[in-house]
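Some notes on the structure that comes next.
Just so it is clear, A, B and C label the chains in written order, and each chain counts residues from 1 on its own.
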Amino acid sequence: MRMLGRTAQNLFWLSRYVERAENMARLLEVGYRMSLTSRREGGASEHLISMLQAAEMDEAFAERHDVADVDTVSYFMMFDPANPSSVRSCLEAARTNARSVRTAITTDMWESMNGTWLEFSQIKPRDVRGAKLAGLLQWVRQSSHEFRGAMLGTLLRDDGFSFLQAGNFVERADNTARILDMKYYVLLPRSSLVGGEIDIQQWTLILRAASAHRSYGHVYHDRYKAHNIADFLILRPEMPRSLIYCANFVQQNLDTLAKLYGRREACHEATENLLKLVDKTSMDDIFAHGLHEFLDEFIARNNAVSETLSESYNFY
Amino acid sequence: MRITIEHRLTLNAPSGTSQAMFHLLLTPPSGPAQTVESWSVEMAGIGQAGRFVDGFGNTAHLVNQPRPDGEITIEARGVVATRDTNGVLGRPPGEPVPALYRRLTPLTKIAPELVDGLKPTRSNRLDLLHGLMQRVGEKLGLPDEEAAPGQTQMQADGGQVQSQRQGDGATEDNARADAADYAHLFIGAARALDIPARFVTGYRLVDGPAPCNLHAWAEAFDESLGWIGFDPHQQICPTERYVRLAVGLDKDSAPALRTVPVVEIAQRAKLAVIPAAQ
Amino acid sequence: MGEQTPFDEMYNADGTIREPYRALSEWLAEQPDKGLALMQADAEAIFRRLGITFAVYGSEEGTEKVIPFDVIPRIIAANEWRRLSRGIEQRVKALNAFLYDIYHRQEILKAGRVPEKLILNNAAFCPQMMGLEPAKGVYAHIIGVDIVRVGPDEFYVLEDNLRTPSGVSYMLEDREAMMLLAPDLFHRTKVAPVETYPENLRRTLESVAPDSAGRNPVIAVLTPGIYNSAYFEHSFLADRMGAQLCEGHDLFVDGGKVYMRTTTGPERVDVIYRRIDDDYLDPLTFRSDSMLGVPGIFDAYRAGNVTLVNAPGTGIADDKAVYTYVPEIIEFYLGEKALLNNVPTYNCTDEDQRAWVLENIGDLVVKEVHGSGGYGMMVGPTSTKAQHEEFKAKIKARPDNYIVQPTLSLSTCPTHVDGDVSPRHVDLRPYVLVGGDEVRITPGGLTRVALQKGSLVVNSSQGGGTKDTWVLED
């Protein structure tokens, strides 16, 4: 049976929102951890503020709250229905998309998604403090893994699978690029000369937000260094959240679609264009041309993939 | 007589829509009072249009235009040979049962004073309907279209284009009654007397400058004669100067054009109804 | 009918077990103390996890609810079912013949067997359907007939649902849940399967595809979308049939044919099982403000390029005012006496009948002619004096807007409520499929149960639940 354009769209956004919910939880987890150790006057935490910046939520947050402390930030990022990227909003959007494509996903996937939403929607924000918050954040990540596991374990490898995977990795690439961009000044090779000793917590924040603080050690056997961290999150093909990994993965899935449908579309060109940016380059080159500029360009080309995909396959 | 008709509608395409749909009732039928010698409807997309007969027996076209842009022109033209039958049409085959036209609609409400004292019998039906036509004329007054054709009386669309909500009766905001109002009043009264009556849109040959919109009149059913036309607006039964286009329960069910989404009228419709060369 | 103890599906008046329920009764006796309660909780969890929910109109919080499922099945004996299904088949055949007639020559109106005004001036009558030839002459393909039982051999048809009857997914899910919860019970009894419904639905839809369709007609289920109360059912049926689940904007009309937008371009659609009401189906022909429908779809239907299931305008045949005439309709078209009884219905436009109705309103059921789902309805014996007065005033104001029936003493069936088993009133909605080839009736149907003690309103929107319904095989 041929797939409706809307179904493809729902699948794409379903996995984007699941991935986004996970990333939001991960970010908040990092911010929460760091806020335990350093605080500004009045309970506000600069780590929480940088975290909001990374998620591009700082302005929206400032409109609604005066103080960025654990309570206000965690409410805003977890539960606030007015924040379109809060975990709540993401899970609800993911579940709405899943509901629209009930017939295109497996019962296991649906049960996982529906169960997550039902459980989450029962939680009262005021009950979630301290250790409970950490537990809940972990649960959000686990739920995302469960959904992905259900998909990998039960879904037919047809066009729907490719749209889901493409959505997942377009979102992940976007997230990793934004986290890097937030702290790009920390990653400048000569920043140590400019700013003296770099706060080790800054590195940790970046790596943890990408769940990469332990694997970093396995790969580099070295202390945190700007060059290595950027290399890890941008160019390491074995790092499942690096830009090159995501771009490769998106390309593979779109290639599968091209094979299945017997036609290459504008989105395939856009993906090649994205891949060119991270393929056959080095961190030295990237730093030479400017990390911020590089990340900006990556995010723009990644968006182009999403947009052309929507045109190529009649999303609407 | 032979009548040449050129009817042109010009609309503004709704911008930014992926698709516009047009439901056309612009094909006159051949029948006892008219024979269509030639007819064509032209607009972009008409070649692929769905063509079918609607619930009232009208020939309809369903045209779609993907991503319409700029001005949309619809042109219907042809030659129709007409005969004077004193309005009598009989029972043409392929039409729905006359009883259908006893159904009351929001546009054909009954004005009680019109039917006051009237009682239809088997033999008086014709006189009764003529009397009714007269009462409608008295109630709404004489039309003054000849005074200023296409100016005071006609909206730019003249009720030909229907893309607003149906049935609210407010497509024309001019307070002055037009031909459709005369027809509705007549139809409502006939139905109140249990006589099937229907709404007709069509062309009318007039002396002097041609009106820019379609004419409207009514038809009532008589068991022995079949359908008979009555034009309460002109206070006559249709003559050979009338060309029938479509019928329905009321104006809303027989518009020349319905669209989704709503379109704007770009120009007043152009209509030429002229005697054809012999 | 009146005050006597209602007929119970499981127990005879003397307290002995009725034969069809013997195995169930033994099984119930074997269940440990909290057994049923645990099963009930399991069932609730199953339904919620699967997302088998419905939306309740007018309820603000939690728009999605799980319809309560009762773990004690309702059982119909083989011979009882044979009788019922013969009566149902007769009814749906006559109603389809009636629809064909009133949208063509209207012989039944000319013969004066059904009042002309009742049909022609009815809001449910669809003039646009006049003269249309639906594929294989079928108008109502999917029908749910609401039946109540008041005695061992006494069944009444309460309503024929010919628009878009819902609830069939509950019939199927109730069976699945029951087999999960009490597999041992199925070893002891031979229950006719209901699982064939989606396949039969598919066959029915294929059998009415237009001639232009290929050997494998493309079928779409048209849903108003995920916020519709029956969305679960729409997706469920599409899935089980292997059909595409479409919303209005997934479909479009081109050249008088219907297509769906797929990832690889347009694909022609032959049959549309639409779960959108007539009014919203096509903004070009019906309500122009509809955002749910497909512009031009009705024209494509008229042009014979697609089949709409059910046909628009079928509502005229299940109109509450027309209901009264169904026995007449059966006689007129089939030349047979109706096998299933209608509930006697009082006509309030008749002065004598109205006077009697107003006097005895406390014993009667009043239904709004165009109401559904238990709304706009009053059950005299369980209503207050104020409600009686309210409905008396309504009837006086618009006598044609109400039908009035005696309060039937609906049969009861043992039901698990608050940890106890006690009798609750039930009805039955069998599902009928009318194809171009044959009539298929799924054995059983949906049993709805009024969970409140004494209540006769079984609608899910009014706190009713459902039961698995068994038809025993010989």
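We take it that a contact is a pair of C-beta atoms (placed from the backbone, for glycine too) under 8 Å apart; a residue touches a chain by one contact, two chains touch by 3 or more.
Chain labels with UniProt names: B = Transglutaminase-like enzyme, putative cysteine protease.
Note that the coordinates shown come from a computational prediction; the quantities given were computed from them, not determined experimentally.
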Central subunit by CA centre of mass proxy: C
Dominant chain pairing [most C-beta pairs in contact]: B-C
Distance from chain C to chain B - Cα centre to Cα centre, in angstrom: 41
Length of the line joining the C-alpha centres of chain A and chain B, rounded to whole Å: 62
Centroid spacing, where centroids are CA-atom means, of chain A and chain C in whole angstrom: 47
Junction residues of chain C - those touching two or more other chains: none
Shared interface positions of chain A, touching two or more other chains: 316
Residues of chain B touching at least two other chains: none
Contacting residues of chain C [partner chain A, same complex]: 48-51, 225-226, 231-232, 235-236, 238-239, 242, 244-247, 249-250, 260-265, 267
Footprint of chain B on chain C - complex, ascending: 104-106, 109-110, 116-117, 120-121, 125, 127-132, 252-257, 283-285, 287-289, 295-296, 299-300, 302-305
Residue numbers on chain A that touch chain C, as the complex places them: 1-8, 96, 99-100, 102-103, 107, 110-111, 114-115, 118, 159, 261, 263, 313-314, 316
Chain B to chain C touching residues, read off their complex: 19, 21, 23, 48-57, 60, 62, 64, 66, 94, 96-97, 99-100, 102-104, 163-166, 249, 253, 258-260
